[in-house]
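Structure incoming, see below.
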Amino acid sequence: MLLKVRELKVGYASGADVLRGVDLSVGASSVTGLIGANGAGKSTLLKTICGFLRRRSGAIAFDAADIGKLQPSQLATHGIAYLMEGHSVFPGLTVEENLVLGTWAFRKERARAKQAVERAFELSSVLRAKRKVKAGLLSGGQQRILEMERLTLNDPRLVILDEPSLGLSPKLVHEVFDRIAQMKADGAGVLVVDQSARHVCAASDHLYVLRLGEICIEGPAASFSDRIDELVRNFI
Amino acid sequence: MFTADVLIQLTIDGVSRGAMYGLMGAGLALIFGILGIINMAHGELFMLGAYAMYFATMVLGVPAPIALLISTALMFCVGVAMERGLIAPLRARLGSRWLVDGYVLTIGIMVVLQNLALILFGPREFGIAAFWPGRQEFGDVVISNERVLILAGALFTTGALALFLKKTNLGRAIRATAEHPAAAQVLGINIERIYAITFGIGAALAGAIGSLLLSTYPAYPTVGGEVLLKAFVVVIIGGLGSVWGAMLAGPLLGLIEAYATAFAPGGWQNTITSLLVLAVLVLRPQGLFSRQVTRP
Amino acid sequence: ADVIKIGVVGPFTGPSAKIGQDIQNGTKMALDDARAAGELPLTIDGKKADIQLVWIDDESSPEKAVKAYRNAVSREGIQMLLNGWHGSVGLALIDLAASDGIISYGNLAAPEDISEKINAGKYTNWFKGWPAPKTMSGLYVEAAEDLIAKGKWTPPTRKAAVVVEDSDWGRTWGEAIVTGLKAKGWDVVAQDVARNNELEFNALLTRYKASGVSLTAFTLNAPASAAAFVKQFHSAGLKGLLFADGLGWASNWHELTGDAANFALSMDSPRVITPEEKEWTARFEKTFGMPPVPAAGGHAYDYTRALIKGMSVAGTLDATKLSAALLATEHKGIWQYYAFARQPGDAAISAYEVKAGPFMKGFSFPMVQYYGDKAPVVWPFEFAEAEFKAPN
Amino acid sequence: MTSLFQKFRFPDRRALVICALLAGLAAIPSLVGGRYIPAVFTSILLFFILGALFDFMLGYLRIVNFGIAGFLCAGAYGSALSVQYFHITPWTGLLVGGLASAVIGLITGVLTLRLRGIYIGLTTLFVMETLRFAISNAREVTRGASGLTVGGFTPLFGIPFPRSEPITYYYLILALVIVTYAALYAIVRSRIGLVFKAIRDDELGTSVLGIHVVRYKLFNFVVASFFVGVFGAFYAHYIGILVPTAEEFGIQRTVEILTIAYVGGRGTLWGSLLGALFLVGMQEVLRDLQEWRLVIYGLSLILIITVFPSGFAGALRQLGDRFSSRAGKGAHISTKGDA
Amino acid sequence: MTALLTVDHVNKSFQGVRTLTDVTFDLEPGRILGLIGPNGAGKTTMFNVISGIYSADSGRVLLDGRDITNRSPARIAGYGVGRTFQVARTFNDMTVAENLRVALVNAGLSGREERRRITDMLDRVGLAGVRDLVVSALPDGQKKLLEAARAMMTSPRLLILDEPFGGVSAEVIDLLIHIIRDLVREGVGCLVISHDIVSLPRLCEEVLVLVEGKVMTRGAISEIRNDARIVDAYLGA
């Protein structure tokens, strides 16, 4: 297992735990889906894994090593990519500069960095057209695309996505999930949180449902695919 | 009376004094732009640079260019130490809302440094006559060698800083950190280091300028007050946090001052200068050189 | 009482701290010297009494001064005020001191407003230690005319420019010198006011140069400002005479200006001329590790000694008697001859103001000319240590 | 009856504390006696209310008024000059000073309030400087740097106000402070105060609710300017001499006021009282240390802001939250690097 | 019958780049119109022009026949246009109830009436339980809900919602649809941007398709699903 979360307890205000003992694992070359209602604690879980929040108890292991004390700035060197909730482009920097910064972890390998950026432009016509435009001026969906491209530049081994399809047109949502499939094919482990339970279910190998800070259901995604509506109705 | 020569002379006067203002403002703008703090102790960093330069050249006899490098490096370290020791803990406590209160901290630093300087060095001025005495003459137009030096220094620093921020990885990382610290972290940028380096650069700039201007602004405990005010003005006209803006606003302010001084009736030039600055702000409220980067 | 508490006013911290510290040091030194000379302890009302100083730090602000004064009066119980610097602070304290019945001696605050208040009759307690600015600046015109009359300097034009700092001192000094110059037929083409601590004068100088000025006079009390003016005057290539009032405040003027000060003239402070002055200056520098500004430290010293003398003459702290005794006491100090006017006109514009007078017969400064790292007296001619050098 | 009780219970626990504090403030100087304590407390009250007014703009609308000393200046000169030239009484002068400052506030506001908080504040810096230099130059009228001497308050209801008696001035400023504070408190507690908070959070979000953001900002700014002007007028007649220097009416004075507001705790109004007590009080207690006093002053600013980042008031409030049952309510502990 | 909202040949460019080209459409009271289109098509820009945040380069926007082009956002809101944003702009330092109270300040209600309305609305949108919670502690989905509720609080005649379903869980989407439909039944006109082509048909029948700043078509969702151009540009295979 690439990522293993055990008995995780996390909270914001003193006294109240938002996550009340969560177990979850993500394997290499696989997509793990996490769904749940607003406020279930999905983003909180991802933030904790990525070092933005400190756990109260429990364990987080990446590649069998404890990463509970990870600083967010060490993510990239560990090969973890994280699409955070909300927008995370650098608004005053151009699209190109945003992408170049995606190569920060291997900035010393100039050729590789340059190549990675160029490949991103090849892949996305939207970004190509806006190359020199300040990222803050892009439309909401365009910013999401930029974020997705930026995050894959350094070939991460674990990709953690918080609502990748938010604000995207149906067409681009497809593309994003194709992209996720591609990452999986390249050997990465992907943990994806999204409101679109259907899409998540279709793309995942394994599915978790979070409810009020606890995993209430888990299992191979295939086993839910025909009763996804029921699942959503009852647990989300 | 106001012949072409006079106008040329005034323009040179204005631009060269403005270049100094621009330089003073640049570091302040950088620190504000990246860390979001109004560094009220900026003038005191300038002051420390001036003292360092004085002691290096006049007491230790180090040649001026080397002394300039020494004091700049020294002030970089002071800046880093200040950020690590004082500003970082405050940021850690306040999380994302810390910026607003930053400047009370720097006011504290300002008061401490000013009075420590008073205690340690005494109130007197330590200055030098000129690094490079003499002047250049072009007909009736003259410019002192000191001013040539300052202009060159300003141009060099502006260029270097701009290139650094625009073209280097570190420069991009600095700007990225300012815009979205969390996202920068996720990409592997150690923002704590970036903050320290940025403050260090700001301090080094202040120190370098304090050193370079020793012949005009001698080192004494309250010299920073003069400098801070000019730097402030420049940063505001230039558009808060815009290093470029500050660099360009400097000469503009210099020209306003020079022409107001030359043309306004005795005594009113200060009023006119501040009125003109006010007018600039009213006409172009977000500062002259800032550009919109976010949208609803 | 076996201790007499005296409040010493001055800007001990803040922008004018240099002045303040000199006042403080000069006052301390005077107390030590008086003790060594056996003038202390004093005999007051038949009892031995020593003096204890209480520092009243005005931080260059009347508001701060008032608090510090109240503290000194109520908590420390001071019975008298001594020395002081800023005009605004003097104006803020004069009424309070009057209603508290506290005598202020030797306060260097120069404003004419203080003289006028005294003239209005209410203040028998305020011994004004510095003549009104106009008394001091008028002498520059006299000197210039003297130099011309003696053929030592021939101005190419009779155009003059005056720059003053933005303080009461600067403004009134400027008004007086302009009046004086005009009276002598000068055309004053510019009368400018510089921000306090201004360091940029190039634009002004460009204008002066263009209008063919041959006499430039400034008063700038911040040494950095005065030095900057002198240097920029030099590098702008202006011709003619420069009255650099305030440059003499900087004990290290040569360090700041180099040879740019050559030919400039000042009449702004006492100069180290007599053996006593030399001895005093050396001792001050040895004790406090920095050269004094005689105008602050020197006068503070002298006034402290003069006060002790006056108090021992009076032999009482009774305000009326003490005031009368102080008015009657004349004192030959290290730097000046001190005597207070009994009525306006008496070499002063008000009563209780120190009397201006010829060099060493009253409060006055000699005119020095800077050249190299020396600043010898060049005027009045009878005290001249060197010949006046006309600028090119 | 019960509804009345319920209505007043919540805000007025705080109001009670404030009343007790004020009563204490009223009593202290007369208990201690002498002239020093009243003079110091006058200063404390003056800086308290200026801090609160600063906070009224800063804490509620994020307007950092770097030019507040300029409004003080407008009020001071406004009153002093009208007393001198139009022979009004200093009492009317209080109003005139307030109006003078409010008019300048209105003009400044109309010109700048379209901007975000920090720009407005910085622009006022130049209003302040323009005013200061203009006063300096208009010597014929204002006596410029020579200083304008101002008479004290004239007797009112048979009570004399000799400047040598700080206690009468102390009670005068106490009364003014109470009135001003009550006015600010009422505004902040009303719907207007709610809108202020909304604007502070999100200007655009507020304006799409049909709220004319600029009008509210202008209201805030003009009210604050008015009161600052009133206290400027008080200051003029209290101190007796006005000089347009930076220490008195420039950036230095602004910084003094600003630190008090911050150290006290922004967004609370009453926090400034703690700030003023501490900062002004400390300066007095440490008076004998001379220049070290200022070093200690600076160090304590650093310390306070680092230890209590939201000022004394914030620290007290946290303490209160910890002990009260309503803990957690409204507590939004920010996370490190929260996006 | 006059339209509630008329958008008449509106053009808008940024730094020379056309973002809206001759956009023209209208909306009748009591109707809901969906606004769809690829990312960057100009949907949000259109909203910003209607609500006065951007000024149009040319063209007119009419509300009930009254020209409201380029008025200030507050004025336009005063005329009866309520809106939400793509990323919710709630007042995060205030409580949920206070957020709603701000929307009522112009209504001039008594304290009691105000409280009643707030309670009503909170009950309606199911936020009563978090009434006194500071908004920053709310999950994103609830912020969107609260923002919509706040916009409705001003009693608008035209409600424009930018991606109300983005990041919102199914249950809340149901609730939102329900509320919006109620409101429209009372005669309010509603314009909704959404990429959620599963939920959108449950809210409205008719959509306007914006592509590269131009109105491509307007029609029933069922028809549009079969339009090849739209499939290509927007829906994807």
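Chains here go by letter, A, B, C, D and E, matching the order in which they are written, and residues are numbered from 1 within each.
Simple rule for what comes next: a residue touches a chain if its C-beta (ideal position, glycine included) is under 8 Å from a C-beta of that chain, and two chains touch if they have at least 3 such contacts.
What you see is a predicted model, and the numbers here were worked out from it, not measured in a lab.
Student: Any chains in contact with both chain B and chain E?
Tutor: A, D
Student: When every step has to jump to a touching chain, what is the lowest number of steps that links chain C to chain E?
Tutor: Steps on the shortest route: 2.
Student: Could you pull out the chain whose C-alpha mean position is farthest off from that of chain E?
Tutor: Here the answer is chain C, farthest from chain E.
Student: From the C-alpha centres, identify the chain that is farthest from chain D.
Tutor: So the chain farthest away from chain D turns out to be A.
Student: Count the C-beta contact pairs for A-B and for B-D, then tell me which is higher.
Tutor: B-D
Student: So how far apart, in whole Å, are chain C and chain D when each is placed at the average of its C-alpha atoms?
Tutor: Each chain's C-alpha centroid was found; their separation is 38 Å.
Student: Quick one: chain D and chain E, Cα centre-to-centre, how many Å?
Tutor: Each chain reduced to its C-alpha mean, chain D and chain E end up 42 Å apart.
Student: Where the CA atoms of chain A average out and where those of chain C average out, how many Å apart are those spots?
Tutor: A distance of 74 Å separates the two centres.
Student: Provide the C-alpha centroid distance between chain A and chain E, rounded to the nearest whole angstrom.
Tutor: 29
Student: Would you mind listing the residues of chain A that make contact with two or more other chains?
Tutor: 12-13, 52, 72, 84-86, 88, 137
Student: Among the residues of chain E, which are close enough to touch at least two other chains?
Tutor: Residue numbers touching two or more other chains: 44, 53, 85, 137.
Student: Can you list every residue of chain D that touches 2 or more other chains, as numbers and ranges?
Tutor: Counting only residues that touch two or more other chains, chain D contributes 136-137, 204, 291, 294, 331-332, 335-339.
Student: Please output the residues of chain A touching chain B within their complex, sorted ascending.
Tutor: Against chain B, the touching part of chain A is residues 50, 52, 71-77, 81-82, 84, 88-93, 97-98, 100-102, 104-105, 107, 134, 136-137, 150.
Student: Please give the residue numbers of chain D that touch chain C in the complex, ascending.
Tutor: Against chain C, the touching part of chain D is residues 34-37, 39-40, 43, 136-137, 139, 144-147, 149, 162-164, 166, 235, 239-241, 243, 245-248, 252, 284, 287, 290-291, 293-294.
Student: Please output the residues of chain C touching chain D within their complex, sorted ascending.
Tutor: Where chain C meets chain D, its residues are 12-15, 17, 55, 57, 59-64, 66-68, 70-71, 73-75, 87-88, 91-92, 95-96, 99-100, 111-113, 166-168, 170-172, 193, 196.
Student: List the residues on chain E that touch chain D in their complex, please.
Tutor: For chain E paired with chain D, touching residues are 51, 53, 72-75, 77-78, 82-83, 85, 89-95, 98-99, 101-103, 105-106, 132-134, 136-137, 150-151, 153-154.
Student: Would you pull the chain B residues touching chain D in the complex into a rising list?
Tutor: The touching residues are 40, 86, 89-90, 92-98, 100-101, 104-105, 107-116, 118-119, 180-183, 185, 191, 229, 232-233, 236, 240, 267-268, 270-271, 274-275, 277-278, 281-282, 285-287, 296.
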